[in-house]
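The first chain written gets the first letter, and so on, giving A, B and C; residue counts start at 1 in each chain.
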Amino acid sequence: MGQEAIIKKTGNGQNGFWGLVKSHIFDIFSVLGLILCVVIFTITSNGNLWNAYNISILIETVCGYMILSLGALFVYSMGFMDVSVGVQLGVYSILMIFILNSTGSMLLAFVTVLVLALLCGAFNGAVAVWLGLPSIVTSLFLMFVFGGIQYILIERTGSNMISVENYDISKFADSKIMILAMVAVGIVVFYAFNFTKLGKYTKSIGANEKTTAQCGVNTTLWKVIAYMMFGVCVAIAAVFLLARTGSAGKGTGSTYAMDIMLCIILGGMPLSGGMSSKVRCAVIGTLTYVLLSNGLTLSGVDIQTIHIIKAVIFLAIVLLTCRDKGKILPR
Amino acid sequence: MKKTLKKIISLALVAVMACSCAALAGCDGGKGEKVKIGIGLYQDQGPAVTATRAFLDGISEELNCEFTYVTLSQTDEAANKTAAQQLISSGCKGMILTMDSATEAILQECEKAGVYLGGYLSDYETSFDKVKNNPNFVGTVVDGRYSGTQWGEEIAERIINEGYKNIGMIKFPSFAFPHQNEMDTAFRAKIEEYNKTAADADKITVQAETTELMFQPLSADYFSANPDIDAIYGMCAGVDFIYPTLTQNNKTNIKLYTAGFSVDDSVLSNFGTSGNGCFQELVFSNVEAITYPLVMILNKIDGEEFSDNPSEAQRVDSSQIRITNNEELDTVKEKSMYYTGKFENSFLSASDVSALLAKNGGTHEDLVKAVQSMAMEDLEAK
Amino acid sequence: MKQSAIVQIRKMNKNFGPTVALKDVDLDFYPGEIRGLVGENGSGKSTVTSIMAGMQKPTSGSMFYNGAEWKPESMAYAQRKGISMILQEANTISGCTVAENIFAGDIASFSKFGIVNTKAMNKAAQQRLDAFGLTRIKAADVIDKYNFEDRKLIEVVRCVVEETRVFVVDETTTALSVDGRKILYDIIHRLAEQGKSVVFISHDMDEILEQCTSLTVLRDGSIIGTIEKEELKGAATDSEKEKLIEKIRFMMVGREIGNAYYRSDYDVSHSDEVALEFDNVSVGPVKNFSLKLHKGEILGFGGLSDCGMRLIGRAGFGLEKLSGGKVVRNGKVINNSITAIKSGIGYISKNRDTEALILSADIAENISLPSYSRLSKFTFINPFTKAKMVNKEVDNYKIKCKTPRQAVNTLSGGNKQKVSFAKWTAKDSDVLIMDCPTRGVDIGVKQAMYGIIADMKKSGKAIILISEELSELIGMADKIIVMKDYAISSEFMRSPDLKETDIIGTMI
C-alpha cells in the first residue's frame, strides 16, 4: 500500500494548459495528421488535390468509408472488431442487384439487405457470448460463410460480375446525396454515441466489462444492439457502394474490413476501445485515410510504395494508441 | 515521460517518411506540355509489364507523352473505378486499361472529364457492344486473335503431326474466357476429322470433358483421372497453372502446348528438345500492340481523325508470337522485346509510332496492319 | 540512557516530480526496539523505510548505519549488509522451490563448479523454516503449492538472516491470518530481544499498541512526534488506550477527529420489514445459509479471509450461481446483478479498482453508470440532469477533485472509494452490500465514511458490512455475524461492552 501512495503522488500532473494538451494528445495528433496530409499533398500534387473532379471523387470514396466507420465505432469502442464487413458488403451488393433486376424496387432491396445485416449483427454479438468465444471467431466464421456465398452467387450467374439493369442507381452516386447521407448518419451516430445508453454502455464495456456488468448492464444485450447498429450502417453503405459501379463481382467489398480498421485507427481510436473512443476518430480517420491514398497517387507515388507507407503509418498509430493494460488486440 | 517521447519520435518519423516519399514522387511533376496517359495493367510485375514499360518509355519523348501506371483488380470493380478516377484526377487525358471491369462507370467518368479510354490485350467481351458507340471509347486491341478457332486448329495439326495419341484438355472457366471454348471446339473438330480416316492404331483420344481450372493450379488428382495422356493442350496460362503440377508429380514427360510465356530459365530450358522437353508450344502477344489504343487516343486528343476512321469503335486482333521449336525460341530470346525487356528490340520504333498518328498522315488501315505484322515470321525477318 | 542508534537518518528529502514525499526528516532507530511507524497514505512512512532498505535513493540527505555512511545500491545489497524489508505485495518467485526462494540471490554458496547441491540447500532451508516454527512448510516443495500467507512467511524467512540488524515490516499483517500474525509477532519480538531493531508499519491501531515498544507519527512527509515506551506501555486500561489512540490519530490527521469515529449511538433498532432474505442458500462451499436483513439495519460479517462471507456478499447481489436455495427481495428472486440492481441492491466490491470502478472513465461516468436506465428518456440522456445528479453526489461525499470530468484513476484511494459509494446513492439503492469498504483508506476519510454509513441506517437503508477489521465491525454494526468454515459460527449484538477478544474466539 505504501508503494501505491508513492505512485499516486506522482501521477497527477493534469494541471492547466499542458494538462489539457496531454489528456487530448491523441485527438490533437490525429487532427494534425489530417492537416499535415492536406498540406503536403496540396503541394506535391500541384494543386490537383483541389480541382472539382478530384473533390467529387473524394466525396464518392469517403462516403462508403465514412458511413461504415461511424457504425463501426460502436463495435470498436467495445474492444471488438468485425472482419466480415467486406464480404457482407459484397453479398449485399449482389443481392441488391438480383432484387433490383427482378423487381425494380429499391425499397425491397434495401430492406432485405438491412434485415440480413441486422441478423449478422445479432449473430456476431450474441453467439460469441453464448459459446464463450472471443468475438473475432464469430466474425471470422461469417467472413468465410459469406465469402463462399458471394463466390457461389456469382458462379451461378455464369459471368464474372453482374450489373444493375432495371433501375437507375446512379442517383445514389450524386455528390449531394452522398454528403447528405454522411451528415445524416453522422448526426445519428453522434447522438447515439454521446447521449444514449448505447454509447455509454459500449464505451464502458470496452473499458471494463466486469464493472459494467456489476452496474446492472445486460452486456450481452448491448453487444447485440451495438453490432446491429453497425449492421444498419453496413446496409446503407452497401447502397452507396453499389451505386459507384452499378455492378458487383466475386471480389466486391473484400478490402473494406481492413480498410475500416485502418480508418478508425488513423483517427486515434485505441484498438481496445473504452472511454477514449470518440466520433471524431471515425470522421478524421476516414478523411485522413482517403486523402492519404488519393494524395499519394496524385503525387505520382507508385502503388507498391503506397502500400508500404500505409503499412508503416498503421504500425506507428497502433503503437501509439495501444494501452498499457496489455489488452492490445481486440477480443 | 520516456513513453511520450517515444511516441512523438515515431510520429515524427512517419511524417518525415511520408514527406520524403511524396517529395521524391512529386519531383517528376514538372509538366510542361506533355500529354499524360494512364496505363492500367492487371499485374504489377512480370515480363509483360517490363516490356510494356520499356516500350512506352522508349516512345514517350517522341510522342511528347507521360505515362502513369496503376494496377487493376481482377475481382473488385469499385477498386478499378477508383484507379480510373485517380488517373483522371491526376491529369490524364487518356487511359488504356487491360481489363473490362466497371467499364461503363469508368466511361461515365471519362465523359465527365473529357478523357478517352482504350483497351489493351483485352477483348472487352462484357461491355463492348454497349460502349462501342460511346465517343470517349476508342476501341480495343485483343490479346492475339479474338476468335480462338484458328489456334485450336493449329494445335490440332501439330498434335497429329507429332504423333501424340492421348490428349488432355485444360482451360479456364467459360464465363471468364469464352474464346477458349472456341479453341476447344475447333481442336476437337479437327482431331475428329483426322480420326475418321486414321487407322485404329493411329487414332487420337481426346479427354472427354475438358478440365476447367478455377484460377487455381492444376490439382494432382488430374493424373489419376487421366493416367495415359502423353500431351496436354493447355488453353489457359499453362506456365503458372499447369507446369508446376507436372513438375511436382514427376509428369514432365507429358508434352505441354500452352498459352503464355516466361523469361524464367526453369521454363525455357525445358522447351522443345531441351531439358525435360515438356513445353512444346508457348504463345504470347506483343506489348507493342498497345500502339493501337494509344494512337487512337492521341488522335482524339489532337482533335484529328483518320481519313478512314471506322464509324464505331473496333476490336482489333493483334499478332501473336507462336513458339513451336527451339530455333524459334532462340529467335525470341534474341530479338523479342518481350524477352529482353529492352526497347531496342521493339518491333516499332518511336518514329514508326509517330508516323501512324493521324496528324502525321497515318491511316486506320496502316495502324491495324502495324499491330498485325508482329508474328514469328516478322520477328525472324527483323 | 539510550544506546546509540543503529540507523540515523538526517535531513532526508524525497521528491517525486512536484510532489514532496519527505521533508527534512530526522529519524533514529535503536537496537532492541519495535518502532511503529504510523501515518496516513502519503505520509512518507513507506518512503523513508524503502530508502533505508535500498529500494530507492533520496533526493537529498544522509543516512548512517552503525556509524558509517550508508548508501545502499539495492535491496539485495542492503539485505546482505543487514537491513531487510518485507512489503505487502507478493515478492516470491513462482515456479521455484521454497528452498530456492529462501536462498534466492545466494544460491552460489551452495554450488560447486556451477552445480547446485540441492540436498544441502534444502536441508539448510528446512532448518531455517523449523527455527521459525514453520515446520509444516517443506523446503523441497514448489512454492506455488502454498497460499499467499505462507508465501509471505517464507519471504520473512528469506529476509531475516543472521546478519539482519534492522527489519522493516511494511503493512504485511493485513495479508496474514491470526496464526500467521502470531508467527510474525514472535519473530519481531525475538529480534528485539536479540538487540536488533524492528520497524513496524501498520494501519491497525490495536496491533500497533500491542506489539510496538515505541511509535513515530508522520504526516505529509514530516515527523510529527514520537511516543516513547513509557507512554505507550503506560496506557493500561481501555479508556487510557482509547485516549492514546485518539491522540495518535490527531497527530496523524492534524485535527481533532472528535469523539465520533465510529458510531456513537447504540441504537440497534430497525424496521421489521425484510429488505433482503437469504433462504437456505447454498453457494460454493457454503451450505444452507439463511438470514434476514431488515430495513435500517447494519449487519456486519466477520471472519478469517476464507470463511465464506465474501461469497455470501456476492450471492446477495446475484453474482454467484447458487447450488441451492434463493436470495429474495420484495418477493423477487435475485439471480443476477441486473435483477439485483433493478430491485435496488447495490454492491461495492473489495476489488475496487477492477470490479467496482472503471479507472479510465471519469467520475461522472462512474457515478452515473448504474443510473442510466433511469436517466434515459426516449433514448436521450440529458447531460444537465446527469450533471446535477453527479454534482449532488460529489458535494455530498466531498469528493476531492477539480471537476467531475476528471478520470477516476487520478484520485486517491479514499476518493475512489467515495465514488463507488456515490454510484449507489445516486441510484437511490435501498440495500447496500459492501465488502471491506474502508480498506486502504485514510483515517480522515474513514471517519467520513462511517458517518455516511450511520446516516444511511438512519434513513432506512439496509446494509451488509463485510469487513476484516474487527474494530470496524464492533464500531459500526448492529449485529455481527461471525463465519467460520463456511457456516455461521456466532452472532453478537452491538453493545458498548463488546470486545475484540470476545469475537476472535469464535472466528478461529
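The rule we apply is simple: a contact is a pair of C-beta atoms (placed from the backbone, for glycine too) under 8 Å apart; a residue touches a chain by one contact, two chains touch by 3 or more.
Being a predicted model, the structure only gives us computed values, none of them experimental.
Asker: From chain B, count the fewest steps through touching chains until chain C is reached.
Answerer: 2
Asker: Which chain, with its centre taken as the mean C-alpha position, is closest to the global C-alpha centre?
Answerer: When every chain is reduced to its C-alpha mean, the one closest to the whole-protein mean is A.
Asker: Which chain is most remote from chain A in terms of Cα centres?
Answerer: When every chain centre is compared against chain A, the largest gap points to C.
Asker: Let me have the rounded angstrom distance from the C-alpha centre of chain B over to the C-alpha centre of chain C, please.
Answerer: Taking the mean C-alpha position of each chain, the two centres sit 77 Å apart.
Asker: Please tell me the distance, in whole Å, between the geometric centres of chain A and chain C computed from their C-alpha atoms.
Answerer: 46
Asker: Nearest whole angstrom, what separates the Cα centre of chain A from the Cα centre of chain B?
Answerer: A distance of 37 Å separates the two centres.
Asker: Return the residues of chain A touching two or more other chains; collapse runs of consecutive numbers into ranges.
Answerer: Residues of chain A never touch two or more of the other chains.
Asker: Write out the stretch or stretches of chain A touching chain C in their complex.
Answerer: Touch residues, chain A against chain C: 1-6, 8-14, 192, 195-198, 200-201, 203-204, 207-208, 210-218, 274-276.
Asker: Spell out the part of chain C that touches chain A in their complex, as residue ranges.
Answerer: 16-19, 21, 41-42, 45-47, 50, 87-89, 170-171, 201, 203, 317, 319, 337-338, 340-342, 347, 349, 354-362, 365, 368-370, 372-373, 376, 379-381, 383, 402, 406, 409-410, 412-413, 423, 440
Asker: Under the definition above, what is the set of chain A residues touching chain B in their complex?
Answerer: Within the complex, chain A touches chain B at residues 22, 25, 29, 33, 36-37, 40-41, 43-46, 48, 51, 53-54, 57, 60-61, 158-161, 163, 170, 241, 244-255, 294-305, 309, 312-313, 316, 319-320.
Asker: Would you tell me which residues of chain B are touching chain A in their complex?
Answerer: Listed in rising order, the residues are 4, 7, 10-11, 13-15, 17-19, 21-26, 28-29, 31, 44, 68-71, 73-79, 81-82, 85-86, 88-91, 101-102, 104-105, 108-109, 112-113, 126, 174-176.
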